[in-house]
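Naming follows writing order (A, B, C, D and E), and every chain is counted from residue 1.
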Amino acid sequence: MAPVIVDAAVYHDGTRTEVDCADQDYAALRARARECGGFVWVGLHEPAPEELTAVAEAFDLHPLAVEDAVKAHQRPKLERYEHGLFLVLKTLWYVDAEDAVETGEVSLFIGPDFVVTVRHGHGLDLGPARSFLESSEQVLTHGPSSVVYAVCDRVVDGYVSVVGELQVDVDEVEESVLSPARTNDSVRIYTLKREIAEVRRAVQPLREPLHRFSEGAVSGIDAEAGPFFRDVLDHLSRTADLVDNLDGLLSTAFDVHVARIQLQQNDDMRKISAGAALVVVPTLIAGVYGMNFEHMPELGWALGYPFALLVMAAASGGLWWLFRRSGWW
Amino acid sequence: MAPVIVDAAVYHDGTRTEVDCADQDYAALRARARECGGFVWVGLHEPAPEELTAVAEAFDLHPLAVEDAVKAHQRPKLERYEHGLFLVLKTLWYVDAEDAVETGEVSLFIGPDFVVTVRHGHGLDLGPARSFLESSEQVLTHGPSSVVYAVCDRVVDGYVSVVGELQVDVDEVEESVLSPARTNDSVRIYTLKREIAEVRRAVQPLREPLHRFSEGAVSGIDAEAGPFFRDVLDHLSRTADLVDNLDGLLSTAFDVHVARIQLQQNDDMRKISAGAALVVVPTLIAGVYGMNFEHMPELGWALGYPFALLVMAAASGGLWWLFRRSGWW
Amino acid sequence: MAPVIVDAAVYHDGTRTEVDCADQDYAALRARARECGGFVWVGLHEPAPEELTAVAEAFDLHPLAVEDAVKAHQRPKLERYEHGLFLVLKTLWYVDAEDAVETGEVSLFIGPDFVVTVRHGHGLDLGPARSFLESSEQVLTHGPSSVVYAVCDRVVDGYVSVVGELQVDVDEVEESVLSPARTNDSVRIYTLKREIAEVRRAVQPLREPLHRFSEGAVSGIDAEAGPFFRDVLDHLSRTADLVDNLDGLLSTAFDVHVARIQLQQNDDMRKISAGAALVVVPTLIAGVYGMNFEHMPELGWALGYPFALLVMAAASGGLWWLFRRSGWW
Amino acid sequence: MAPVIVDAAVYHDGTRTEVDCADQDYAALRARARECGGFVWVGLHEPAPEELTAVAEAFDLHPLAVEDAVKAHQRPKLERYEHGLFLVLKTLWYVDAEDAVETGEVSLFIGPDFVVTVRHGHGLDLGPARSFLESSEQVLTHGPSSVVYAVCDRVVDGYVSVVGELQVDVDEVEESVLSPARTNDSVRIYTLKREIAEVRRAVQPLREPLHRFSEGAVSGIDAEAGPFFRDVLDHLSRTADLVDNLDGLLSTAFDVHVARIQLQQNDDMRKISAGAALVVVPTLIAGVYGMNFEHMPELGWALGYPFALLVMAAASGGLWWLFRRSGWW
Amino acid sequence: MAPVIVDAAVYHDGTRTEVDCADQDYAALRARARECGGFVWVGLHEPAPEELTAVAEAFDLHPLAVEDAVKAHQRPKLERYEHGLFLVLKTLWYVDAEDAVETGEVSLFIGPDFVVTVRHGHGLDLGPARSFLESSEQVLTHGPSSVVYAVCDRVVDGYVSVVGELQVDVDEVEESVLSPARTNDSVRIYTLKREIAEVRRAVQPLREPLHRFSEGAVSGIDAEAGPFFRDVLDHLSRTADLVDNLDGLLSTAFDVHVARIQLQQNDDMRKISAGAALVVVPTLIAGVYGMNFEHMPELGWALGYPFALLVMAAASGGLWWLFRRSGWW
């Protein structure tokens, strides 16, 4: 099983500082950070309520926010509490094996000298965000805001790659719908629309907080870091546009699919009818020569039988040629 | 029959105070509350007009608001009158026996030293709200606002659980629509859409008042209680999102259902035609050997009859194999 | 024919004052009202242009407004002219005999010492509004504003009752659509949607003026009368909500209706095909025994004929049982 | 061919002033107008670029605006340039012969002492606007603004009458769609929707400028003339409402049309099947008596043949009665 | 292969200045421009990252903006950085050979003494923009803003011509849909809708920056150049309107197409059934005369056979005439 405390470290002056205390000794970590004018980043993964309580005590986290971070299944949101900010993000990743989008959640408690990140779900770990920060001294000097940036960037990159995968799926559906083959795409389209709605629910509510970060309008987030957030917002907006576009394309593709079913039904009906004609007309001819009139010259002909068969074949053949020409076959 | 006065009590300093007067002696209750700097909470259930009039006199309630509280069937709304606020909420609960959402109503008259709640409908009683408050000293110290909070929280929890049930219903519909079985889901979808519209009518108009409460922008509601209302608003917003999502899913599911009907019709048509061919072709062969030509060699063969039957069977079998291969059967 | 001048009276101190001049002596009426500090309410019904001109002269009405009041077929609107306000309302009533909504119009010229109401259409007379006012001394003390309130209240009550009738119609359509019977509901739905659009055109533009009246934001309308207008606005908003809901239900009901037609067509097709099979298979059997082979043992059997008939019946019966079991019949 | 300069005149003190210079001597006309404190109104119809250039020089018109007035195919818009305003209106008229809406354009250059109107298209000439003004001294005293008003009024009256014609067309379509006859209304609906979109494109962008004129918020347009523009805006708003309503009706009518096609197809299918049954069942009976069993008592009956025909007729008749009763025929 | 540096020149006083340094000596170019109070315009086409880095150094371009200009696939946007503005435009052109819209991108770095344009994609080169500027001394005096104008104008002209081509395509689709011929337009409509969505994604986000330029609200863009940008914005708005209109027409055309398929299916079904009747009825007659009754007078007639054939032909002919008359054929 993955550990609950993924990592806990003190950063100052743009670098990670070695501290001589255990990961879970949050109070000591915080004291150390305050001492040197830096900040702590504690990263947790699906902590039990009591584990989060210990963290909450060390960093004075608000009980309502802590409750939200335990329960997961929140909407993306930014809230201000007395001692800091509380930001919730939805994480998304694509599981190739199932062609499905899965969702998780990251909650961030942001204070002047600490960030606590609580992650739910197994995909999209925050390791790359931490690595990126530890290798970008200049970004890291923005303090806790830099962690917020790195996490948002990581999460939004997740959106971008999920939308990339969905794009591929939509292209496949489109190809299938537009191909002349007889396909049943409605289930696929339904599932994709459902996933797109899920992506939209993650993406949409994040625009407002990111916009405010990028304008430096949130106290507690470094206004100097605005351009970084603007960059993330830009990716987010592009993602939102693409998602809207995919949804529109799927709707149109669905309509085309339905039109196609109807067209195929009409084609099938005409083909079937043409086929039926090829059998029904000779049947009529056979019926004629099955009549019991005493005076039917053909019946006595030596070649009457082959002649009748020929007439039948000619009728069928003629009809076939006619249907062929008029495009019914 | 349930009593009209569900409970009437004086609260101060965060606890319930014992008073030595009858429940319906509102004036005495109010005097007692004023005396100790506390407030009264009178809870009524479907009172007759004259019963409400007695309450209205004791608490100086505005006649127009009283009229609204008697009639029920109001929209959720917040109104300010000279002597206080008037808040109307729609209550929702799910009746398992009928798979249906039912609605009731709670009206609150909010003054500086009293809250009068008037409930209509048999579901979602306010008992749990009162119990919660009486066990949460700290919340109760916010005075009448705490009652507003507790009632809103109880009502919104009702929405959350109703939406949970609807989610289950939508999942069932979805499964039914996407299954290859021949189903008629349109009635079910219609009923669900109707219920979702009902939930939306309860949820939507409540956002504005709760938003204003959470911002401390309503005089008469304690600004300190803002975070509590923000929490309720958060649940409400999530509910609203889910409801919109369910509605969208149902619409798409309906479209898929219709596409499916068409696809099935086409499949059926082809299956039927293939079946018809299996009968019509042998009929033609029988017709041929029913012709009365004098010179038909097969007719004289000793094994002519079994041979003809074999030809018929072979024709049907061949067609069957052909249709099978082309997916028509 | 109904008289053009329905009533003309002077009100002051909350009661109707007897005056000793003819109804159409507007100048005298106005002078009398000014004298006692009261106001005149002249109620007209479909006046000819020249009749309205006399009124316009006595009360200094603006020519453009007068022209609008003569022509009818205006949108609901509130306009300010130099000497007062001009309000146009659409009236609605339900004609049971035709199951149809009919529309009329009321124009109000509002001055500091007079109200002139001009009504078009035969339904929804303003008599009840006048009676209500004359029996409500306290309301009447708000001067011309009280007439505006009483008229708006009467008109909006008309909307409420029309929407109630439409609700009944929609319930009927819903029942018809969801019933398994073979119904043609599209014409009914079309007509209802058309009427709902008409109601909406009456309701929607009235919200703005009523909202401004209820906030006391219109000079010329007594701000003290705000709560009355808020009450009317409340009814109007509820009506608007209901209308939107009915429209949505009708749209969904229509979609269900269409899906139902398709489903029925598919059912019919399968039933018909099953029926055809019951005839076509015995025909094949008859064809077989109609063949002219010399050696067909059955033909010589004494019970050959009944045997053949039995085989035919058995084939039909077996198919019937098969179709029955698979739900095709 | 119509002349390019339709009319050019100086107005002051509310009347047309006789001037002794040629129509195209714009500089002289303007000098004359300035002299007497009046203004010039030059009306042009589809001028060549060089003709417009002469005007532009005399009145200091901005080159970009002039270019727009030459090219036509602009959107309705109001623009401010250094020396005045530039207003573009779309004109609409209905050509009965083709049941079609045609569009033209009017550009107005508005300065303190002149108005230049440039009209494109052959319908809706501005003659009536000029006549109206020349007979309305009081309106004309508002200077160039009065020309703007008269032109807007004329153009919007054109919209009103076009929408009236479209209303008639929509009523026809509605009647056709709701009639039980077998009609193909989709082309008609498409064409009407297209024309309605065209009307909307003319109407919609004009609301903003007219609203601003009516509020006296545009320097260069006389604030005193506000009520006139409010009147025009009122007509425009009503037109916009009607157009939206017609569009909605057409959409619903189209849906009803499609539902009707499906219903008819189902009816047809059942009628056809019933018809087929009337032939197929006697065929089976004929087949039975065409069997070659040696022992078939009926075959020897003297009245066997008429009896068989009777059985056939009875079978067909019985089926016919059955189908009739169940509404299939 | 096209060169990366398309052109690099210094402009001042409205004309191009000859400089004696290499194109890629950006520092020298910039120094020269500063010296004479002019500006440099460097035009690049799909530069490699390292080539852009050299430019970035010479003009102090912000790394995030440079990254965006390298990667392409941005949304249209305007961003402010410390040393200037960064504008991204989508370019569109129509490839006749494929009936397809292709997209490229232009990024502009705008400083007080330079403009760097980076173009991606092979269509819509900026040569004409440069030529236009170099021949319009007066425009060029607006400095870097004039380049922004010229590029925007060129790009928006590209939109206009693409929309013109799409208009032609939509007209074709419309004609095809409304024609009585049996067509399959859904794929074409899908493709066009997809392209229209692409155009919209290019056009929509550009409105905001152009609007702000035209109002002179962006520091770094010459407010005097406002009218130029208003002109471009005007074209853009017209394009956006047309695109919305085309999209709406396509949606309606699609609905008509689907209705048409259904109508055709119904027509086909009736035609087929009528055709079947022409065969099935004679078959019944043949069956009748194929019965083996001993006493069938017609069988002994000398002209029995021709008579039977005549009856068959008459039956078919009569049916044919009947179907013809009722419009089934």
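Here is the rule we go by: contacts are C-beta pairs under 8 Å (C-beta built on N, C-alpha and C of every residue); 3 or more make two chains touch, one makes a residue touch a chain.
Quick caveat: nothing in here was measured; it's all calculated off a predicted structure.
Visitor: On the document's contact criterion, could you list the chains that touch chain A and likewise touch chain C?
Guide: Chains in contact with chain A as well as chain C: B.
Visitor: Within the chain touch network, how many edges lie on the shortest path between chain C and chain E?
Guide: Counted as steps through touching chains, the separation is 2.
Visitor: What's the call on chain C versus chain D, same or different interface residues, using the half cut on shared numbers?
Guide: Homomeric contact, different residues on each side for the most part.
Visitor: What rotation angle takes the CA atoms of chain B onto those of chain E? Round to the nearest 5 degrees.
Guide: Fitting chain B to chain E on C-alpha positions yields an angle of 145 degrees.
Visitor: Mind checking the centre-to-centre distance between chain B and chain D? Centres are C-alpha means, answer in whole Å.
Guide: 44
Visitor: Which integer distance in Å separates the CA centroid of chain A from that of chain E?
Guide: Result: the chain centres lie 27 Å from each other.
Visitor: Tell me, which residues of chain B touch at least two other chains?
Guide: If we look for residues of chain B contacting two or more partner chains, we find 258, 262, 265, 269, 276, 280, 283, 287, 290-292, 296.
Visitor: Select the category (line, ring, star, complete, other) that matches the graph of chains linked by touching.
Guide: Looks like a ring, each chain touching just two neighbours.
Visitor: In their shared complex, at which residues does chain D touch chain E?
Guide: 62, 64, 68, 74-75, 77, 79, 81, 182, 184, 186-187, 189-190, 193-194, 197, 201, 254, 257-258, 261-262, 264-265, 268-269, 272, 275-276, 279-280, 282-283, 286-287, 289-292, 296, 298-305, 308-309, 312
Visitor: Residues of chain B touching chain A in their complex?
Guide: For this pair, the touching residues of chain B are 174, 177-178, 227, 230-231, 234, 237-238, 241, 245, 248-249, 252-253, 255-256, 258-260, 262-263, 265-266, 269-270, 273, 276-277, 280-281, 283-284, 287-288, 290-296, 327.
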